[in-house]
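First subunit A sits with subunit B, and in the next complex the same chain sits with subunit C.
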Partner chain A sequence: MRIESAVHFAAALVFAPLLLGIINRTKALVAGRTGPPLLQAYFDIFKLLGKGAVYSRATTWVFRLGPAAGLAAVALALAFIPFGGAPALFPFSGDFLLVVYLLAAARFATVAAALDTGSSFEGMGASRETQFSALAEPALLLGIIAVARAASGAESLSACLGAIDGRTWAASGPALALAAAAWFTVFLAENARIPVDDPQTHLELTMIHEVMVLDHGGPDLGYIHYAAALKMWVLGALLAALLIPVRTGVWAIDGAAAAAGMVLLAVLVGVVESSMARLRLVRVPQLLIAASTLSVLALILLMR
Partner chain B sequence: MSGSPLLMFEHGGLAELGRVPELAVAEFRAHVLDAVSGGARIATFFGRPAPGGAVRLLIVLSEEYTGILSAAATTVYDSYTALTPECPQAHWFEREIAEQWGVVPRGHPWLKPIRFHPSYRDGKDAWHRAEAPAAGDADFFRMEGEEIHEVAVGPVHAGIIEPGHFRFQCHGERVFHLEIALGYQHRGIERRLRGGPNARTLPYMETLAGDTSIGHALACCEALEALAGTRVPTRAHVLRGAALELERLANHVGDLGALAADIGFLPTASYCGRIRGDLLNMTAVLCGNRFGRGLVRPGGTAFDLAEEHVRDLQRRLRAAEQDTTGAAELLWQSSSVMGRFEDTGAITAETAQALGLVGPAARACGIERDVRRDFPSGIFRYAQIPVATFGSGDVFARAFVRALEIQRSIAFLKAQLDTLSPGPVLAPFGACAPNALAVALVEGWRGEICHTCLTGEDGRIDHYKVVDPSFHNWMGLAMALRGQQISDFPLCNKSFNLSYCGHDL
Partner chain C sequence: MHGVTDDIMAAMLLLNLAVLGTSRLTFCITLVAAQGALVGLLPLVSSSGVTLRTLILAGVAITLKGIVFPRLLSSAMRGADVRREVEPYVGWGFSLLLGLALLGISFWLGAKLPLPPAAPESAFVVPGAICTILIGLLVIVSRKKAVTQVVGYLVLENGIAAFGLAVVPDVPLLVELGLLLDVFVAVFVMAIIIYHISREFDHIDADRLSALKG
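What follows is the complex of A and B.
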């Protein structure tokens, strides 16, 4: 284990909620508002951790386990995510499958907890979440395979993203761009951002992710918010590593470039959310299938 | 309707109660159904106690192509043959009559209470209940089947809105049926008005539906002025018209912003939120209150407008016009917005006509229905505002009609402020005529507001009936949801933006 890997892991745990602050500040800036403080997500999480929780008599241990299990799964996934040119904490051959499955496990915990409430709202949210993530998963996986192929068949996320540099982009730029577009779509969908979901809405009937956690409160909700921030970091780090091919070998420079990439990504999400409306729910699968198609195209381009 | 026994009278005048023809139930039904099939609409339909424990039903029909109102009455005891199966417009009115007076409209397809209060007639209850149930406590329409699921929303909502209960019968994301239960805000306003007009009358009107203070206050004043024969000064007519249009502007702009917010389109949502505030502040220039409370009074207006304020309003109007045009254009130019608005929650003109929809909801179906043109009163007798319509009947049409009305109301306001002539704004308001009936129609921002005032022997209010546009339109919302995605309900709901308290009274 390299020291920079441990530093990156710790930095992710600390800075992940900051991405939300940057997105919200960007949106506020575009709308001409001051907006909430950059650290609002931290304040919210700490406030929630200090509260008690209320549990409905209709729920069981599944409901209580959901948030903690979800957080654990996402935090574990973080250990296999490289940052900049530096490898992850525990890279191994085929770790990308484990990352995708850990994200799926977190989702399973959330969905199971939502179904445990027996609420029609949460049932609807669970149904939407599973439907859409089933379509987002191939886009992500096929994109990873394409990137791995571009990086001359590296087998772990750390190896393949670490091998992406200016030369790789020069050699297979179009394929990498297609994969990045697919990943960005998955990033928006998986993190419940516009155009797939609206993180700011209060309208239960239109929600996807938020509606599944309506019955959670206190520390549980804090875990859920924190896990959502970590998940954004997990997928964001993949995108940043792909799109910012700065591989000088100097840890500080590569890391700073990747961090700048994360900030830019958050700003980009804020700009997207400030300039377009949500899709109709029936159109979301089409968007995700289009993302999968982009990944397949990237793969085909690399099959020559 | 030549040869009809119905009493015809002009809007803005009064009719002696004794001249309203008393028909047998069968005759009453035949004439009403005949008139409705000929294109008339039910403006109001209500019961009031008659001697011998009976209930006298009074109906006022409006014919928009002639501008004539007609009235008829019939006396019933415990039941009568319902109009609703042949005339869906009567659906909500007959449920109201059943609930208030314990009269059963036989053959009514869905006879349920609408406000959940005890019957007004001692010992008579349409459902033979010992006591009134809690609001919303009733059987809902249900579909059966393995794959059908039911979603209940409200009465407590996630947003800061009024209470109402929505029950969806869904197959996956698709809505088969929506039933709306209201009544959570029933305050009994109509009954509190008896014995008036007095100091409380107008405050009740202005808070009847908080976003339609001017609309309801104006309708009430026009009814009372017709009964008292008051001649309102021209300048007061202009100020009232200006206040009514400013109320329309503020609400329409707010609605465009809220529609944008519902689909997560922030630019228009942010702009409109601010512009709505600007428009409300313009109403405050008129009378010191952002919602126009205290402005409209029987005989005219309680406040005059100084010359400097006229210039101030003209300046602000120009700014608001530019801002709203830009904010609305952003909507139509964004494909992501149009993708959400178009073909969502469409209702056909036939459905709208059958249900008797009013206001922007009706005009969005291509129906030219606007009280300001069809039954003009006040300033609208002298100045016309073109009727804004669009044919597609979907969320886009309801938004677009609002945007058109914003433009036209601003043009009207500018013209009126440019030519405002000096003069008094308040005429003395005398006593109301005894045993008379006056009907006042006002095009509020949601649509036709109908106030019916009946005086007794002493010239005091004996019976007062309010029909808020929401009363006609809630059924329209339910119909608009058929076959739609449940996730589009908030958007459809906002495109109607109906009043809960205006319905519940």
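What follows is the complex of A and C.
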């Protein structure tokens, strides 16, 4: 374990909610509004943590466990995500499978808690969430395999993303670009951003993620918001490491480049959200299948 | 893998899948036009380099496939007053998966195919061309509209042109130009046929032609 890995891990825990603030600020700027303060996500989380929790008599321990388990799984996944050129906290060979399944475990906890309420409305959201994530997972995994292949067969996320530099891009640029496009689609879908899900909406026909957390309140809702921010950081760090191939070996420069990449990514999401409408629900699986297609194409290009 | 030819073939594969994926006819036509222009660029970046012959070939091919065909098709669409949606027999997601399967098959086939030893300069061209041909066939058989079938025919032709460039680098100029002329006439005739089908039957659904009694 290296000291910069620990610093990156701590930075992720602290700065993850800031991404939401940047996205909302970008959207407000494009729309010509002042918008909420950059730190609004922090204020919300702290406010929720200070409240008491109310539990329905119809729910069981599954409902109470859901938010905490989800947060724990996502925070654990963060320990395997490299940032910039620096390796993750605990890299090992094949850790990308663990990361994908930790994200799935977090989703399972949320879905189980949603089903535990017995509300048909939340069941609908849970059904949508599982359907879309089942389609997003192959796109992410195949994309990771393609990137690992481009990085001459490295087996851990840290090794393969650490090996992506200007030369790798020069050697297999088209395939890496395809994988990055697939990852970006997964990033939007998994974080419930606009072409897939609208984080602002409270209309039952269109909600996916928001539906499942309607019955949570107080600290539980705070955990859920924080876990969502961390998940955005996990997937965003992968994208930033792939798209910003700055590997000077000097830790400060690499880290600063990756951080700039994260900010740019948040601004990009804000621009996408301001310029696009939500897709119709039947179109969402098509978008995700297209993302998987891009990953497969990237993989095939690299197989030669 | 790298080099301009590889990049062009990768873009062609992407365009193939995009043709399978779009639901808009006009966008479909634009995609095929882009693909045709890419195929037209291939002789310029091939081993023979920029000569008068490749310049003429690329110029004629790009003008025809990139500009003339899309114009013809769009005007046929306007004349036939086509609804703008592609109507597939197989669903959108499924045809993309089929396209992926075809991609895999063509890469497998490209590795198996006995080729003249000197010919392919990029390991990509032969499987890419086979894939383009197969996806052209898929578009022809899986779509209802006559316009989309012409699009499929053009994709097929792009694949054949790419294959020819890869395997037989020095086809006489006359033969290549003759081929392009044939394609031009074919598309021209198809555009006229689309117009006539729609005038006779109020639609261009080629499926209903099979119900005609002789």
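Here is the rule we use: the second predicted complex is superposed on the first by the 304 of 304 C-alpha atoms of A that agree within 3 Å, B and C clash if a C-alpha of one lies under 4 Å from a C-alpha of the other, contacts with A are read in each partner's own complex, and residues count from 1 in each chain.
The rule is short, and it goes like this: contacts are C-beta pairs under 8 Å (C-beta built on N, C-alpha and C of every residue); 3 or more make two chains touch, one makes a residue touch a chain.
The shown structure was predicted, so the numbers you read here are calculated from the model rather than taken from an experiment.
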Across subunit A, the partner (subunit B or subunit C) reaching more residues is B
For A:Ile3 in the superposed arrangement: first (subunit B), second (subunit C), both or neither?
neither
So, does A:Gln286 touch the first partner subunit B, the second partner subunit C, both, or neither?
second
Under the stated touch criterion, which partner chain does A:Gly123 make contact with: subunit B (first), subunit C (second), both, or neither?
first
A:Ala31 contacts which: subunit B (first), subunit C (second), both, neither?
first
Under the stated touch criterion, which partner chain does A:Arg278 make contact with: subunit B (first), subunit C (second), both, or neither?
first
Between subunit B (first) and subunit C (second), which does A:Ile194 come into contact with in this model arrangement: first, second, both, or neither?
first
Of the partners subunit B and subunit C, which touch A:Met303 in the superposed model: first, second, both, neither?
second
Contacts of subunit A common to subunit B and subunit C in the A-superposed view none
Using the touch definition from the top, list the residues of subunit C that touch subunit A in their complex.
1-2, 6-7, 10-11, 13-14, 17, 21, 92-93, 96-97, 99-100, 103-104, 107, 123-124
Parts of subunit A lying in touch with subunit B, wherever the complex brings them together:
27, 30-33, 120-121, 123-124, 127, 194-195, 198, 200-206, 273-283
Residue numbers on subunit B that touch subunit A, as the complex places them
149-153, 158-159, 172-173, 260, 262-267, 270, 334, 336-337, 339-340, 344, 485-491
State the interface residues of subunit A toward subunit C in the complex, per the touch definition above.
170-175, 178, 285-286, 289-290, 293, 296-297, 300-304
